[in-house]
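We just call them A, B and C in the order they show up, numbering each chain from 1.
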Amino acid sequence: MTAPLLELSGLTVDVATDDGGARTLLEGVDLTLAPGEALGLVGESGSGKSMTMRAVTRLLPRAASATGAIRFEGADVLGMNAGELRRYRDRGVGLVFQDPRAHINPTRRIGAFLVEALVRSRGVGRREALARAAAVLAEVGIDDPQRRLGQYPHEVSGGMLQRVMIASVLLAEPRLILADEPTTALDVTIQREVVAILDRMRRERGMGMVFITHDLDLALAVCGRVAVMYAGRIVELRSADTLHERAAHPYTLGLLGSRPSVDARAERLTAIPGRPVSAFESGPGCAFAPRCSFATAGCESAPPPLADFDGGVVRCARVQEIHAARMETKA
Amino acid sequence: MNAVVGCGVLEGGNAVEARGLNKHFKAHHAVVDLDFDVPAGGSLGIVGESGSGKTTIARMLVGLERPSGGTIAVTGRDRSRPARGAKERGRRARELQIVFQDPYTSLDPSQSARAAVEEVLRHHRRPLALAQELVDQVGLTERQSRARPRDLSGGQRQRVAIARALAAAPKVLILDEAVSALDVSIQAQVLNLLADIRAETGIAYLLISHDLAVVRQLCDTVLVLRRGRVVEQGECDRVLDDPAEDYTRALREAVPVPGWTVGG
Amino acid sequence: MNRMKFTWTRLNKALGRSGTLSLAFLTVVVLAAVLAPLVAPADPNQSSLLDAYAGPSGAHLLGADGIGRDLLSRLIFGARTSLLGPALVVGVSLLLGIPLALLASWYGGWVDGVIARVFDLVYALPGLLLAVLTVALFGPGLTPAVVALSIAYIPFLARIVRAAARQQRVSPYVDALAVQGFGVLRITVRHILRNIVPVVVGQAAIAFGYALLDLASLSYLGLAVQAPTSDWGVMVSDSDALLKGYWFQVTAPGVLIVLTVLALTVLGARISGEKPPGYLRRGRPARAASAPVDAAGNDRTTVGAAA
């Protein structure tokens, strides 16, 4: 097994509140990502997906502090000094956000946006940088890149701008791409094109990718392994091609049942009752207990550990029993 | 017995009929020669990419936008022209209601669910006692029904919006991306709720969505829209399982499903 | 006792320390004005030449002016006229400005355009100049000054109200109300106006401060409130005292004017939800948020609202 590209162990993020207390946003997140691997991070709003990504890039809110360990190619990210951090952000990781418009200066041409980092921190000549930018735009499927370089962000569509965003990440040639809901704001047809580009680029360049989304099916299509998050913790992690058959955590099962299918109408969706909670809202036991139909008194007293189960890892105290019961009803 | 009794009871005919509908925004032709029906008690889905004109259609139906051409009839009554007078406005309100996409801005920030519902009931001279039933029906607790919107989650707010719309006892309800902003687990709750309400009352839906799975779950018929024109229209099962048009096929194939692989 | 503490903390939280302090100061000033006959130690117009420019003593807590009138009493009664004028100005401006602002924000388009142009025009005229012209035409006095300033202050209030109301107007909840068949009047008054009350109150407080300053200046010039009446502006213009070196008699009303205006400005900004002006804040001014830190917090509500 190769050395991991990214390794999170026991990553916990707390944020100080106005009244002097602290709120836990992430609790004991363990993840590893091999070079060239794509890992999905799936969960509902507030589950801590973005916070995980922000911790990895050390772009946490001012009041937040991270404990545990984040290792990138063996280097301790939380211990990096300013210079190391700059190099790591510049060449190590690249970020793709949900809303490219909020991250691209609307008053500057696309070309200027794309070459800025190259010219400023890599000392590449302007002409050379523009040529590279045009080449990468062509790679992400943009016709007539020369013309696009001269356009302003408001002159192109959202899908096109997301490609520009991806191009800007690719120009820096990072070893890891963190994509936070890169297609959530896009139409399905454009979503398909954008994930295809991300996927092709990742394969061709051997980059690792963490793909954040609330759409479990999308994550399964894009990634090799998928981690399901709930209330700041990972509750299930397994390979994408077996998740549909082998999902074992009640929350993962709930997510699968909640999503309507395009292929057939369900008599009734098996909705999970209640609403998703954040880490700091959960009790001492299993965070999912108030919504879980399998919950027992024991679930609410102690937090279940993340344990190997059926080829993946699952955080549920009753996973054996639940699995056995489901197998019985199936048979 | 039930607060939404009075919704949707309509014998035969079409709940909504649009003929030759057009809308221009200056030079931009947003809706082009559109014909469609929502049968009484039926459920029509309108799908299409961003900017295809879905919201514009909804806004014309409820009178927030004036059609540039064509006719609209709801429960057999023409509404191609702006309503004249309060009485006419009230009547139209009791025929057709709408729930918007964004649960954060579609409620008055200073009004609780109960206050919003009661205001509508009073306006339409319906018994105030129905407020409790409406609030119960959409699954809000007593505490939630008294809270300001900012203290409610997105799904809870959307329930408030649905209760407020139902308070007018409309025959038809337009849902413009009403579940798109919700978390998956909440979306399922709201979809189930909408299915229950329709089963109970026979209300007709016009569901606008870019999400084919949601349309399939809630609609009988579907209309595929592209750049303001109809691409394809028909029974939901037929159109989605056996699309006649390439565009519909492309939309269908872009939906991630088990076994879907990345590829342009 | 517990309850009082609770409201005090809440107030502090809502208005900030500077806001709470301002509110407390203004409360004292308003109470003094309202209760002047009860709290003032002497008749503000009672002169006694023996006491001319008397220093602070048991008889005159803050001393007396050039004709021996009790300074403290004159300051307390002065609060009445000094606050009455701006109150009238703000009241009349709001009465005329709010309907115009709501009209403009509701209909938008050319209605908005015309109203906005008119506001711009009036806004371009300095209020003081307008007041001086009015006084030149109708003679000095509080009434012409108040009328002129009322008109001058309409845009100051209405432009902010229009912007806030416009924001509400384009909110889907207003569309939802319209679809429910509610009329324009009801929606604007019961919903839109109600939701922008803090903005209106905050801006009104700021306008009150400015109007107070304007009227004081006019009174100082002898164009508004006339001499024998106790008024802070009039008192500042006591050149005789200044010439004779009795600076306190002139500074005290001046300081009251400045403090009142300042308190109104801070409170107004706090109520309408803004930060108080930079020079009143401690520490360094907030840096513009660096993009990645703030922007990574994406929101599901943008789903489907693509491109």
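Before moving on, here are some points about what is shown:
To be clear about the criterion, a residue touches a chain if its C-beta (ideal position, glycine included) is under 8 Å from a C-beta of that chain, and two chains touch if they have at least 3 such contacts.
Keep in mind it's a predicted model, so treat the numbers as computed, not measured.
Inter-chain contacts peak for the pair A-B. In this assembly, the chain whose C-alpha centre lies farthest from chain B is C.
Centre-to-centre separation of chain B and chain C, using mean CA positions: 46 Å.
If each chain is reduced to the centroid of its CA atoms, chain A and chain C end up 51 Å from each other. Averaging Cα coordinates per chain places chain A and chain B 32 Å apart. In chain B, 50, 154, 183, 210 are the positions where the chain touches two or more neighbouring chains simultaneously. For chain C, residues touching at least two other chains, in rising order: 300, 303-307.
Shared interface positions of chain A, defined as residues touching 2 or more other chains, are 45, 158, 187, 190, 214. Only residues 49-50, 153-156, 183-189, 191-192, 195, 210, 212-214, 216-217, 240-241, 250-258, 260-264 of chain B touch chain A when the two sit together in their complex.
Looking at the complex, you find that chain C touches chain B at residues 171-173, 175-183, 191, 194-195, 300-301, 303-307. If you check the complex, the residues on chain B that touch chain C are 50-51, 59, 62-64, 83, 86, 89-94, 96-98, 100-111, 120, 123-124, 154, 161, 164-165, 168, 177, 180-183, 209-211. Residues of chain A that touch chain B in their complex: 44-45, 141, 158, 187-193, 195-197, 199, 214-218, 220-222, 244, 254-255, 257-266, 268-273, 275-276, 291.
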